[in-house]
Structure formats: C-alpha cells, structure tokens
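Given below, in the form of structure tokens, are the structures.
There are two complexes below, and they share subunit A, which is joined by subunit B in the first and by subunit C in the second.
== the complex of A and B ==
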C-alpha cells in the first residue's frame, strides 16, 4: 500500500500535486499490468507459429541482369485511410503484381516539410524510381530530381516536370482526372432529383475541385432541363480539408435538411457523405450520393448512384517499364476516360463498359434506379468521351437544346458556341457556373 | 510496507540519471512489444542507432528537429515562469506568415533590400510569434484568463489565418490556382554551407545560449524564475508581475516564431496551408524530457527528430507501418512521466 509521507507529517489535505501523484501511480500500475497481460497474450498467440519445415529447394541463381528495380513511394497519409493514400497503395500493388521484377516500398504519413528526408532515405535504400503522391511534395521532388540526375522521379497532382520545362528531365508529372466522370454523375443526379436542388461537399477551393463541381452541376443541368424543362439549383459547402468525415457528415445533413438537396456529391476522402445519404434512405427519404476514388457501394447500397473511381496502377506500371527498360522520357500525364484502356474506342450503348473497371479512371457500377433513358445517356456519353467526341465543358454538354452558352455566376459567358475548355482553362478554373448559389471563396 | 517519501532536494545528477534510465526502459519495453509482434528487434535497434551515427542521416535528423528545438526553447522560457504556453504551434504559424509577408513585400513592392532580407525576416517572425503569445499573456495579466485554453485556441486561429492568406491574397499567380505562396528567392532562403540544417543548428545554439544567459545572468531571468516558483512571492518581492509576464511570453512566442521562419524559409521555400505536423506539440514533450534545461533541449530535440528519421528507414527496410514510431514516442512519453514521479518521490521500505 502506498502512503504519502508528506501527507502524514503535515496532516494537510491532499493537494493537486499529490492527487496527480496518485493518479500517476495508478496509471503506471495499469500500464505495467497491461504490459504483462499483453505480453502473455502475444506470446500465447505466437506459439503455433513455431514449427519445423523440411523442404528441398533447388537453388538457381538469378541472372545478374534481372536484378529487381527498386521503387519507392512517398504517401502523405496512412495507407489505411480508405482515401487518397489507400488508393495509391492499391495502385502500387496492382502494378507490382503485373511487373514481377520490381521491389517496391513506401513511406506513409509524411508531413509536407519532411518529404526531403523521406526521399533521401529511399535514395539511400537504392530506389531508382521515386513516386511522391501529394501536391505539397512537388518542390521537394523537383529539388531531389535536380540533385540525383541518375534517379527517376514521378510527382502526382502537380505541374512541374521535365516535359513542362520547369523541372529536370528525370522528373515526370501524372494525374488521374475526374471532371468527365463528375459530369456523368451530374447526369445521374439530374435524372433522379425530385427537388431540383443538388449539393456538393468540397474539400478546398482549388481548380481541381472547382472544375469537378462545375462538371457535376453542368451534367445535372443537362439532364434536369431535358427531363423537366427547368433549371437546376446547386449548393456547395467547403470543408477546407481532404479528410474530415465528421465535418462532411454535418455539411451533408445541412445540405439535405436546410437547402433541400437530394443528390450529394463530394470531394472528401471517406465515404461519410454516402453514409449520410444511406441513413436518409433508411428513413424513407430519397437521398442519393456517389463513390469517390474507390468503389464504395458497401457504404450505401441503396443510396449509391455511381461515382468516379481511379486505379493508379496502369500509370505506375508505365513508369516501371520506362525505368526497367531504360526508355525514360519525362512526361506530363493527365489520364482521362479512355487512357490506358485496352479498347479505347467508342462502342455501342448496348456494349458500353460504363460501370466496369478499366483504364485509370472509370465509373463505379450504375444503380438501376436511374431511369433507363438516362442510363443510356450516361453510357453514350462515356463511350463518346473515350474518343473525345464529347466534352462536358461545351454548349452541347450544358444545354439539351444546344442553345445556351456556359455562364459563370456573374452572367459572363465562359464557353460559347463551338468552344471547348482546353487543358489550361480546366487546369486553372476559378469560376463557378451560374446554377450554384454560393460564391467561390477567394 | 512501502512508503513514498517526497524528495525535498534532488541533485541534478540523480535527476538526470532517472531520466536516462526511463529512456532505457522505453527502449526495452518497445523492444519487448516488437519482439512479440515478430519484428526483427536487433535490426530495429540497429536502424535507430544508425540514424545517429551516419553523417548524412544525422543531417536529415537535424533538418527536421530544428522547428521542434526552437519551439521547445521558447517553451522553456514560458514554462520556467509558470506560463503554460500550449500555443507554440500557432506561434510557429505566425512566424511563417511574417516571413512570407516580408518576401511578398520585397518581390511585389521592392520594400526591403535583398541583402537585409533574412535579418528582417528573422526580426519580423520573432515579433509576430511573440505578439501571438502576448494576446493570451495580456488576457491572463488583465483578466486572469487561463492561458492553457487561450494559447491552445489561438493555434487554430493562426492556422486558419494561413489558410485565408494562401487561398486568398497571397496565392501564387503562377501556381495554377493551387494554395501556395510564391516561392522564396535564394536570398530569402535559410541555408549555411548549402544546407538549411546548418543554418538551423547555428540559430538553435545561439538561441539556447541566449536563453541560458537570460536565466543565469540577467535580472529579468531571475524575476521570471521567481515568478515561476511562486506568483505570491514575486508580488511580495516587488516584482512587476504583469510586465515580466508579458516580456517573458514575448520572448517565448518569439523563439517559436523563429521556428516558423525555419519551416517556410529553410524546409519548404513557400507558405502552404497546414504544413506543421504538430511541431509545437512535440516541443512540449521535448521541453519536458530536457527538464527545461536549454542545453538539453538540443540533444532531446535531435533525439525526437532521429526517431522520425528512423521511422522512414523502418518503413522502407523492415516494412513496418508509421504507427511504430507513434507507439515508440508514446512509450517514451509514459516513461518520462514515470521518471517525473521518481524524481519527486522516493520509495522507502518501512516496517
């Protein structure tokens, strides 16, 4: 039994410090007990693994030229986040499976200022190809590329590469782009909305997210106007975070309850918004949502309409090949529908692959609750997108009658007749289409 | 029966020994846990030790420990005067904002001569960090508001202020709309001998010396110490408690602000939102581990930076998840608390 000498001597009440002392004693006791219990459990759990195996193995030394190519990945989050870093790790495994002579490793949860040491440690490990998968890693990757001219670097979601002329030739840039798929989600939204009001929970007001929102709202306008002759209304809430499931839940509920939205799309790395929609479905309210980055149907079997999905694997496999065969060329890859697909040409609607896994960006399975006419429309557009026969940021993508140009919130015409948004316009988009109620934070 | 007796006086040597033993215990406990998880423990220890003896790795260790070290040195001043500053994180962000502001003033308005840039950036980020810490200090002095809450809450405000600036007025016009400031020009980049770590370590040693001198030789340092021991005594001794608190917190926040300068000017070269992975919070553990001794902050901070660097190697070589380092850090933290207990009490066997 522990007693406090000082208490006995002075006979005063227990002060805060003594109280903390007691708490600490209890804590330490707890830790030790837990340690012993944990240790015992661990030991017991380990027991069955000890067994003797006798095997005859014929050893054939691999020829020297087949030394594996070492590849290192730097992730911004933990691979278990079910979002961005998880998606990249899935891509890594996909590519590793197909390219046997690769030895890949990764460093996860790397904070932005500390990416240089992470890259250095991969270089020290002998990695020939280093792939950094967060926008904030761009400058450090370019510096490392400068410093190690005999290594190869790929940066995801940035704008610096040898091809672009703002980094050395051993650096490439790559991204899996979603605006076309968000447009198709918009078609689905316009086809099912009863209130005529749709919502979007956005991560950050950067061009990537802005063009996804615009594409989604344009698609919804097209389908809704075609269906009812009326204009769509859209609301956007910003989270200022890529991963914020709790805030996303609150934002989604507010969009449904206060703004009367019944189809929600989002850029947030968890299935939180889809789960909110599913809860409303359970309460017999028709609220719909989508997958994001991976097939999330299990989180909202009823509420799930479709959604943009990415497989980074083909992009990584491409770079593996370049490095292993010494045929490197600095490139800026912007993978869209059709890219890396085995058959990248338009097919008949009946044979459409919309909703099936292919290439780097594709649609999650399409919910049959969407009226047949619109499922066909989604499929038709998806097929046309493969050959760039159809682009969302056009008058034809905006207005079913082909009459209205695309206007921003101030009423300025942004895309007129016969025009298409080119890569630069998409890449630096800083305006929202007229149907969105909230202004863009600047 | 066991009895706990309070130490009235404990020599610095014993106290240091207790902390050292607690660190050994942390290594040992971690080893046991990882052994049970089938990790190659020898390899695990070797990787950690390797980080501290390989010069190239050591340079990386220093690279990432500087913001922690500077923030800790700031906390030493605050904690010694009994001001529980949890706001080093926010003060770091304010330092970043001030440094970036100077770069923008220079590049767009030609306000400051290039040769003076680093000096001005240093002074302004010190003042910005200090001013951020003055807010809770004056609230405490004037209204008696608890500083733990106010310093903590100001962290989030500083973070949001950075968000506002990089998404708004300070967004790089050539950055394709991404949230980032313009890149810092060469003369606004903190390096010495081609490496930011060297500049960082020089600044850290200078600041540690100043903090040491402050408490050892100056009247202000003495008044801060008295204030830390007892506010009542300080008042009876005729120390201007309010003014001393304000001055002490200005220094404390200012030093953390220098950490912010190092992050944007030495580590990243731009201002970006939410870039600190919690340097200001890790600094609290480091300050505790070093027992508020400015000289010990340097090895303690480098030790924590070393754990992070070892984490990279552990992931790529042993294929352990990042959580391994979090587990290790937590065990160290628990052992430090344990050491704190044994520093205060002595176990006596009594019949």
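== the complex of A and C ==
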C-alpha cells in the first residue's frame, strides 16, 4: 500500500506514472485501483479478491523533519559570573534540555549601548526568539521588536510588552520576583538574631532592591517582635554595583563590625556576603546570611539560613513552546511563589515544599538552626503565598498582633489595615520601612 | 562615638592595602628604570586566576609560585615589546591589560577550569572542580603584638602574605636606594644614554625590572584572591591595577612611602561603606564610592604636567624607549 509523506517538501513524492506502473501488474481491477489513488488501501481491503493480485509497494518516508527553533539570548555579564547571567544561562540549559528541538545561542558581556548590534547579529543568524536579560536592554529590545515584526522578543526585568500596551505585540516581559522570599528570609533573620540588628548590602537604590529590603526587614520585625516583643533595627549600605565581591565583603564587615548586625542579606551576584558570615562563624561569632539566586550553601555551610533562588527555565520553556507551536501571545509575567509549580495550592505545614526546588522562585534549603516554631512559620507562609493567601506588604505581615500599620522612615502610614501593596506600589517603591536607620539615597 | 570603631577599619585597611602595596613594589622598580608597566591590571588578573586554580589543585605555596612565574612571563612580554622592539609603552601596556583580563576570564571559566584542574590533579573531588572560590590563607595572629591597641589589629592579626609584603617594602627600598644595583636601576631610568656609556647594560636592567614588575603584579592578584576575597569572578581586580599606578606617583616612586600610599587607598576603600553607616554621605553614597578613582584621575593628570613631574622627581626617562645609537 502507499503511504504518502505528510510533508510534500521532502522531495520523495511518488509520481502518478510510478503509481500506474505499479498498478499495471494488476490483472483485475487495475483501473479501479488507479482511480482511487492514495485511498487505495482502505478500498482494497474491502475487495479481498483484488488484494491478492495487487503488488504491494511500501515506501517509508523519512520522519517528518521539524526545523529546530532558533533562540538567541543576550546577557549583560559573563556566564561565569555565578550570579545573574549565570542564572539565566542555567535557565537556558534547563529549557533546552526539556524542549530538545531547539537551537539556542547566547552573546555574553554585552554592555547596554551595544545591545542593538547584538540583537541584529542574532536576527541575522536566523533566531526566531530573542531574549534579552537586563533592564537596560528594554528600549533597544522594544525597538528591535518594532523593526522585526516576524520575530519574537522577550525582555527580562522590564515593563514594556505588547500585553502592557507599551511595545509591539511580538514582545513580552518576564521577571522572577523575590519579595515574598525575602520576607521569608526576614522571618528566619528575626528568629535567629541575638543582637536584634540586621543588615542589608544593597546593589542600587532602585524599586526592585528597595522592596526586597523592605520585605526582608518586615519579616524580621514580625519574627523578632513575636519572639522578644521588641522592634528590630536594620542597617543598609549601598554598593552601586551588581557584581562586586570585594566591595560586598567590605560592606558586610562594616555592618558586622560597626553596627553589630548578625544576620546579613544582600543583592549582589556572588556569595561574598555569605562567605564573610562563614568566616565570622569560624571565629565563633554567630553571623548568618543567605543564598542569592542559586543555592550557595557550599560557600557558607554553617552560616547559611535559607535564601531566594530562581530557576528561569520554566519561563523560557513556556516561550519556546509559544514560538515553536505558533501560539504566541504577548504576556507580562511576574513569576512569584506558586508560578510554574506543578501543584500550586497551599499544602499542610508538614507537607510543605519550602526549601525544595520547584517552579521559578523558591527557597533554598532551610537550616535547622532556625527554631522549629519559626521553620513552621516560614513553611506556613510559603504555602499561603502559593495562593496569595498571604502577602508580605500587609498589616498581618508586619505585626504579629495585627495592630500596627506599615510606616516609612518619616512615620507616614504606607500600608494600612486591609490593604495590600499592589503592582504599582511594588514597582515604584521609593521608601524604606521605619526600622531602617539609613536614609534612602536620592 | 567611641574609639572602638577605628580598629576594624584599620584592620581591613591593611588587608586590602596589601593588594596595592604588592602591585606598587614591582611597578616602582619598572618605572624607576624607565618602563611604565601599564599592564599591571591585566597581570594582576592573570595572577588571581592562576592562583585560584593552583590553590585548589596544589595548595597555597605553589599557587603564589606559579602565579609569579606567569607574572614573570607577562613581564618578559612587556620587556620584549617595549625594550627590544621599542614600541609605545602605553599602547603595549593597555594591550597587556586587555590580554590579561581576557586570558584570566578564559582560564578560570568553569569548563576550562575543570579541564585544567583534572589535568593538574586527577584525584580532586567533583566539588573542588565546581566550586568558584579558593580556600583562603589562614590568619596567623602574632602573639603579644596583636594585643597592642590600634597597631595590633592593624598589622599583627593577618595572614602570612601580609607580613611578608610589609617586610618586603623596606627591603626593596634598601635595594633601590642603598645598593649599587639600585643605583644602576635608577640611573637607567634617569639617563639611559649616560648609564650605557658607563657600562651598564640598559636592556638587561630593563628586562629585569619588567619581569620583577610582572612577578609583583601577579602576586598582588594572587593575594587579592587568596588573602582578601577568595571568590572568583571575571574582572575581580576592579581597576585596582590602575589605582596602584596613581598610588606610585603619590608615593613618589619610593617603596617605603608606597606603604602609606597603599594604606591610604585601602583606607578610602574601606571607609566607603563605613561612612555610609556613620551617617556621612548616607544620602549620596555615590560620592564616597567615587573617591579612590577621583584621586587616581587627579594624580594621573598631574603627572602629565611637565613642571609637576620635575617637582616630584619623576624618572626622567619614564615611558621613553632607549635607542643606543642616538
């Protein structure tokens, strides 16, 4: 019987002449067989007397060849930086491994003014999907999306997309957001601090970092107030850099030496702060810190409490599928706890997945040095976050008695009873909570 | 405010200052002999990358040794281009900086690093192949001395590399200013033609100082990695090579004064973050973060003024290639 390849482009078409040549050998019913062409098999099956004399020819066409989807990434730093670009590259590999029929490539260490040539070269390579992974690449990506309407663009950490209405429809925005996890880190900090003073090494005073600091301090205030009845104190120093381990080290030791901070969190792409905490632990000083973007336990096995971790893979896989199946839709994804998790419902504390790898953002393993009550609290909140049953920027997130609204450093009430910080409040946060002693640089 | 805050500041100052000190010791010799080693930054990066890998494979001592061998090779390269081929020292120096930065990133890149480590020491566990930090030099507090207030934490509570660097500075000063070899080096940098006429081999001296400068630059990088901040990232030298170059001008090419210059720049770097906490510059930390670079820019621009160079007695033949027949 004949089996036509579904894809006529593969050059192995069977001509009508060949077909007739074959059927010529049929002594009876040849004309009938020829007339029904490709549907012959089913027809012949119903005519057993003909089937016996029809020569059966089987041509196996090559497997349908799907062209791999070409994807290009533009990274702002070197992939060996361990932090941001490394995280994205890990996400790329994760998604490639699962999607298989993908041909991805990347350009690393692209300074912001040079992003347009980088995008152009990826387009010239035939990339259908281009992913740019730095805030500063946003406008250039939107311009490229205008220029190449038949290509697809994803920009990480920005706010321009077709969905938002401020870019063309072939551009999407995505981000893995950490403020919930920083709040959980804060709970851990409040549970273990002995001095009642916590520190934060910040990269730049921009809304993203500011809301992470606030979430961290709110969590610490909640746990510390619950534990001791006193208010937490917090100190912040700024690096004005995303990747600067030596600077982060100096800043971390400044917080410890000068202000007695004993739990340090940070926004810097290396484990430098965690390593400083570990060195103090070796000197028998109880100083704690966290992972950042990836599980960094090996750099501070004693000092590590938990930490926010991101896996960009599921986000990328989603876009691969959209492009490969031609089902693109411009989206603005702000992945939080629960997103891309296979089971995004609240679980019981005993069954909590806090500290396990799942979805896009999740907690690094939780150090058992945190008192059990507070580990349970962290797990409870984590589970509630999956369904947005709990949000950090609320009165319940701030005060264990549920009485105090969230105030800024000037004493103004920023989030009152029954309120939650919404998208705009989170996106443009330009105030620090009252427990932080340093003003926000302007 | 009590005086307690100053001790940790001074301890950190020495800890970071030694990076500058080691870099400047070799560089002073090169510049005293008339060669500007602008490749300092790149050689530092190479030293950091090499010491990172070798420490994991073979331990600290060999790490410093191998790093200095590579530094010497880079110094030889510098000498070949600037002394033998008489190319523009600034162009060659910048090229070496770029080469060093790129090469260091390449050899310490996770996949290359893994291959190198497996080749150097096949018995390494897989965690050692993956980890991106080197074990730090252990701190060796000196008994009794470390108890002295202020000075104790500043100088006597560090790792062995700090002590060696601090002792090397006066020795290198003595060699440069009180011995005949030092006199030869200085005369080559002041008037190579005259030195040549007196029978001093200008080329040999300059090759020697270039290689010495390479060794010390690499040691500075190795110390940065093993003694100060043991997590590897590409570009971890962070412009410290260029800051060292301006520090040398501040210390008027003297290894002894370089100690103070190094501590000054180290101190500024440490204070950047402390000042934010003390309420100074808290609203605009960018200003304090800019200080080391601002000072570097000012001193480097001053050097371009002929009168200023004369006043601080810069080596007269600095950055000038020597032609024997002129």
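By our rule, the second predicted complex is superposed on the first by the 377 of 442 C-alpha atoms of A that agree within 3 Å, B and C clash if a C-alpha of one lies under 4 Å from a C-alpha of the other, contacts with A are read in each partner's own complex, and residues count from 1 in each chain.
Everything below uses one rule, namely that a residue touches a chain if its C-beta (ideal position, glycine included) is under 8 Å from a C-beta of that chain, and two chains touch if they have at least 3 such contacts.
Small disclaimer: the values here were computed from a predicted structure and weren't measured.
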Q: Check whether A:105 is in contact with subunit B, with subunit C, with both or with neither, and answer first, second, both or neither.
A: first
Q: Examine A:263 and indicate which partner it touches, taking first as subunit B and second as subunit C; both and neither are also allowed.
A: neither
Q: Quick one: classify A:253 as touching subunit B (first), subunit C (second), both or neither.
A: second
Q: Return first, second, both or neither, reflecting whether A:240 touches subunit B, subunit C, both chains, or no partner chain.
A: both
Q) Does the superposition put A:82 against subunit B (first), subunit C (second), both, or neither? A) second
**Q.** Contacts of A:428 with subunit B and subunit C, given as first, second, both or neither
**A.** first
Q.
So in the superposed three-chain picture, is A:142 touching just subunit B, just subunit C, both, or none of them (first/second/both/neither)?
A. neither
Q.
Just checking: does A:176 make contact with subunit B only, subunit C only, both, or neither of them? Give me first, second, both or neither.
A. neither
Q) Of subunit B and subunit C, which one contacts the greater number of residues in subunit A? A) B
Q: Pick one for A:114: touches subunit B only (first), subunit C only (second), both, or neither.
A: first
Q. Which subunit A residues lie in the overlap of the subunit B contact set and the subunit C contact set?
A. 78, 240, 441-442
Q) In the complex of these two chains, what residues of subunit A are touching subunit B? A) 1-6, 21, 24-25, 27-28, 31, 35, 38-39, 42-43, 46, 49, 72, 78-79, 105-114, 116-118, 120-122, 124-125, 135-136, 139-140, 159, 204-207, 210, 240, 427-430, 441-442
(Q) Show me the residue ranges of subunit A that touch subunit C in the complex, using the header's touch definition. (A) 78, 80-82, 235, 237-240, 243-247, 249-251, 253-255, 257-259, 269-272, 275, 279, 298-299, 438-439, 441-442
Q. In their shared complex, at which residues does subunit C touch subunit A?
A. 5, 8-9, 12, 16, 105, 108-110, 127, 131-133, 136, 224, 228-231, 233-236, 238, 269-270, 272-274, 276-279, 282-286, 289
**Q.** Residue ranges of subunit B touching subunit A (in the complex, touch as defined)
**A.** 1-6, 29, 32-33, 36-38, 56-57, 60, 63-64, 67, 163, 167-168, 176-179, 183, 263, 267-270, 272-273, 275-277, 308-309, 312-313, 315-317, 319, 321-323, 334, 337-338, 340-341, 344-345, 348
